[in-house]
Amino acid sequence: MATSNDGTTNPGDRLPSPMPRRRLVEVLLGTGFLATAVAFVYPVFRFLIPPKASDLGSDSVVAARVGELKLNSGKIFRFGSRPGLLIRIASGEYRAMSATCTHLSCTVQYRDDLRQVWCACHNGMYDLSGRNISGPPPRPLESFEVQVRGEEIFVRRRRET
Amino acid sequence: MIPQRTMYNWLDERLGWDALIAPLRKKTVPLHRLSYWYFLGGITLFLFVIQVLTGILLILYYRPGANEAFESVQYIMTQVQFGWLIRSIHSWSANLMIFTAFAHMFSVLFLKAYRKPRELTWVTGVILLFLVMGFGFSGYLLPWNTLAFFATKVGTEITGQVPVIGKPVMIFLRGGEEVSGATLTRFFGFHVAVLPGLATLLILLHLLLVQRVGISVPPKLEMEWDANPAAKREMKFFPNFMLRELMAWYVALGVLGALAAVFPWNLGVKADPFVPAPAGIKPEWYFLFMFQTLKLIPPKVWLIDGEVLGILAFGLIGLLWLLLPFFESDQPSSTKRWITGVAVFALAYGAAMSVYGYFAQ
Amino acid sequence: MGISRSNIRLLGRARLLLPAGLLLLSASLGCGQTTNSCLDCHSALPDPLGVSQEKFSQDIHAQRGLTCASCHGGDPTSDDADKAMSRKAGWKGKIDRKQIPQLCGSCHSDPAYMRQFNPSLRTDQLSQYTTSVHGKRFAAGDGKVAVCTDCHSVHDLRPPSDSRSTVNPVNVANTCSHCHADVGYMSAYKIPTNQFAEYSKSVHHDALMVRGDLSAPTCTTCHGNHGAAPPGVDKVQNVCSNCHTFQAQMYEKSSHKEAFQAVSLPGCVVCHGNHGISHPTEAKLGTGPDAVCMQCHTPGDACDQARAGLQRALGQLDEAIKSADQVLSVAESSGMDVSEARLGQDQARDSLTKARVTIHSFRTDLVDQDIQAGLKIAAKNLQAGKKAMAERNYRRVGLGISLGAIALVLVGLRLYIKQIES
């Protein structure tokens, strides 16, 4: 408890806290405010700086570069969180579709000997537009839009009409 | 001279600053057993400010639009530095704010702080509560995930059931017949422009009224203090109560940070309008009591469709809630007790239905 | 025996009566039915003479405009029982079992006739039937074997595409089991009767009935339907290879093919069974009750060692995938985004599947290739998971520091308040 110098207190006296104690409180408060201010400002500051990967990435991806795929060949690429299949058919045109088989979700592949899309798990077959033509698959593969821009081949989900 | 003094004088000479804040210096807060409830309004305001700040930060990266919204939120959560923190704080603070808004409303109700001359404060407050729920409803859709999509579908569907005006209102809300990208854009506009504008106006009004009329005291205590002014205990708002409120705000900040770090808000699955609704779609918890009530009403009550009756009933209750203080002025004490009874029932019913709705299949 | 031309001519006449019949009888018989006076009495008679209107209306023949007389002969337009069921009108009464295939075949093997109803329907059922075990025994005079109506039902015959049809894929096994699972009925034939019981436990049954995958095999898929016969011992793998092509290709080139052929063992069936095919697990490569290799091979020889190596390698990859999954799950539930690693896990699982398929080549080097590829991917995903956990911990530390700072402020404020109010 705070006391005056001669050990007595008078009613109505506003007792000043001892100097060290007041300093301690001020230092504590000051440090606390500063610390919390930094703890708030630092994340906000980092937040404001744009990250390196500025594109959202999953609606439209670069599946391959021009010249990467030979005629009559295919390539698996990552599309969002699922695999996609990019095919360059014999005429040079590009086709893209989901690579997840609609039967039991195995990853399909392009068969250049059959010129069709094939699923190794149970011999399911799809044509070059993704339509299921033989074997167990019950539904076609979702087809994607392909756009060649300069050296890059972009694959994009079909826009909702 | 100390620089602060110079700046202060400079402002005062041009704005009349001293005269403006003089009432604040004199403002007092009554001290009694139930004084802690007075914090709730301030905490709600604090959380609102947090929402505005985090919301502004999120807007720098969020893209409204059916084919980009989900991805942009995913981007914020995974690519942007501390994006997960800002977004999670925004989502948690939203829920906390709605909770404190309801708690503030109920505390005002039970402490009877809505009585004359504070009727307008109550009215602006209830409108703010509706706005806050509108914030919740519109904001929930913005990440464009499955749960949000279908919750919005169901919610706007229910609005469409209101006779005569329901359908046009539903089309206005949805930006079309169905919930689509147009709905998203519209809700975004409501959430970041319309509602904040209205809310800011009403908050200013609400605060102004609180300043002008002062902090209310429960009726019994008021009578005691009127009879015996010496018994009155008060605390200066500035700096004493303000400092205590600051403590409460820091606690709220700590809670928010912990929630955001330990339970980050999830992304969900991107909405696909062609997929059938998952079973057991429910709205967010603050709508559960209404949702569950509507589910329990039988399909037909006399000749009226049960759901329509429920919606109209809630609409009527909302209106009566808004006008509550006007039922009590200059009424005998029996009416006042009756209103307290209604308040207790409302709280119990709301809580029970929310819990029921949460656990129901 | 056989349908006479008069019945077909009668049919023609009945069709001409259709509009008139509709007008007169649509109210009492229901719309869309040709005049079929037989049902007037027979719908009220008890079994075995009873055929209800309701039942017959489900029949595809009735829906196409055929009547009782189309098969049984007689005059369907007459209300007089004697006239309707007169031998002069060609009435045959109850069709004898031995007549049934020929009776059905008289229309169903006639492409010109069937073209009028469904040009894409096959018309070789009867000729296929004669090659089947059922057909051969039938020709030899066995009256117990299945004839058309035993499988297809009669009077409420539905097309196979109808899920209520007795020959719809989901019902086929059940239909076959009516005889083939009846121990008493089958006692003279000296073949097992446990096929249906076995099949009901199998992974194919699960796919068909539980998952609803209509491409999954049932009895007729492997045995044929009209030409039903068990595939020869040396031909079993051809049947399985229709769906399980990769495994079959590997097996063809493997050492086991010749070995099994030499001792007349049916390829796939030796290890997998025929009817009760269960989901293969690593236990098949083990030494326990489910082990298949050790049924032939000697413990300790080169093959046993290879087997043990395979089991070990597969187990290793499985473990690696599981542990990566676990770490990713914990990271995910703590709010970290691990979607890229999850996709990678799919690839790792694909490698494991591929390795399990490659077992059928019985070459450890090939299996190892797939295993190693899978292990690499699983290791990468485990790393990603660990990184996510590290990030999570970093966040918790950051939170701790912030909470510490906040606590500091709270203590400071408390003291300050006390100070200014003392």
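A, B and C are the chain letters, set down in written order, and residue numbers restart from 1 in every chain.
Quick note on the criterion: a residue touches a chain if its C-beta (ideal position, glycine included) is under 8 Å from a C-beta of that chain, and two chains touch if they have at least 3 such contacts.
These figures come from a predicted structure and were not determined experimentally.
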* Taking contacts as defined above, which has more of them, A-B or A-C? -> A-C
* Structure fact -> With centres defined as CA means, the chain nearest the overall centre is A
* In whole angstrom, what separates the CA-based centres of chain B and chain C? -> 56
* Could you give the separation in Å between the centres of chain A and chain B, each centre being the mean of its C-alpha atoms? => 32
* Asked: Can you give the whole-Å distance between the Cα centres of chain A and chain C?
  -> 40
* Asked: Which chain B residues reach two or more other chains?
  -> 74, 85, 250, 253
* Which residues of chain A are in contact with two or more other chains? -> 36
* Of all residues in chain C, the ones touching two or more other chains -> 402, 406, 409-410, 413, 416
* Would you tell me which residues of chain A are touching chain B in their complex? => 36, 43-44, 46-51, 53, 56-59, 157, 159-160
* chain A-facing residues of chain C, complex -> 213-216, 242-246, 339-340, 342-343, 346-347, 350, 353-354, 357, 401-402, 404-406, 408-413, 415-416, 419, 422
* Structure fact -> Seen from chain B, its contact residues with chain A in the complex are 57, 60, 63, 66-68, 71-72, 74-75, 79-83, 85-86, 181, 250, 253, 273
* **Complex contacts: residues of chain A adjacent to chain C** => 2, 15, 17, 21-22, 24-25, 28-33, 35-36, 38-39, 78, 81-83, 103-104, 106-107, 120-123, 135-138
* Residues of chain C defined as touching chain B within the complex -> 334-335, 337, 395-396, 398-399, 402-403, 406-407, 409-410, 413-414, 416-417, 420-421
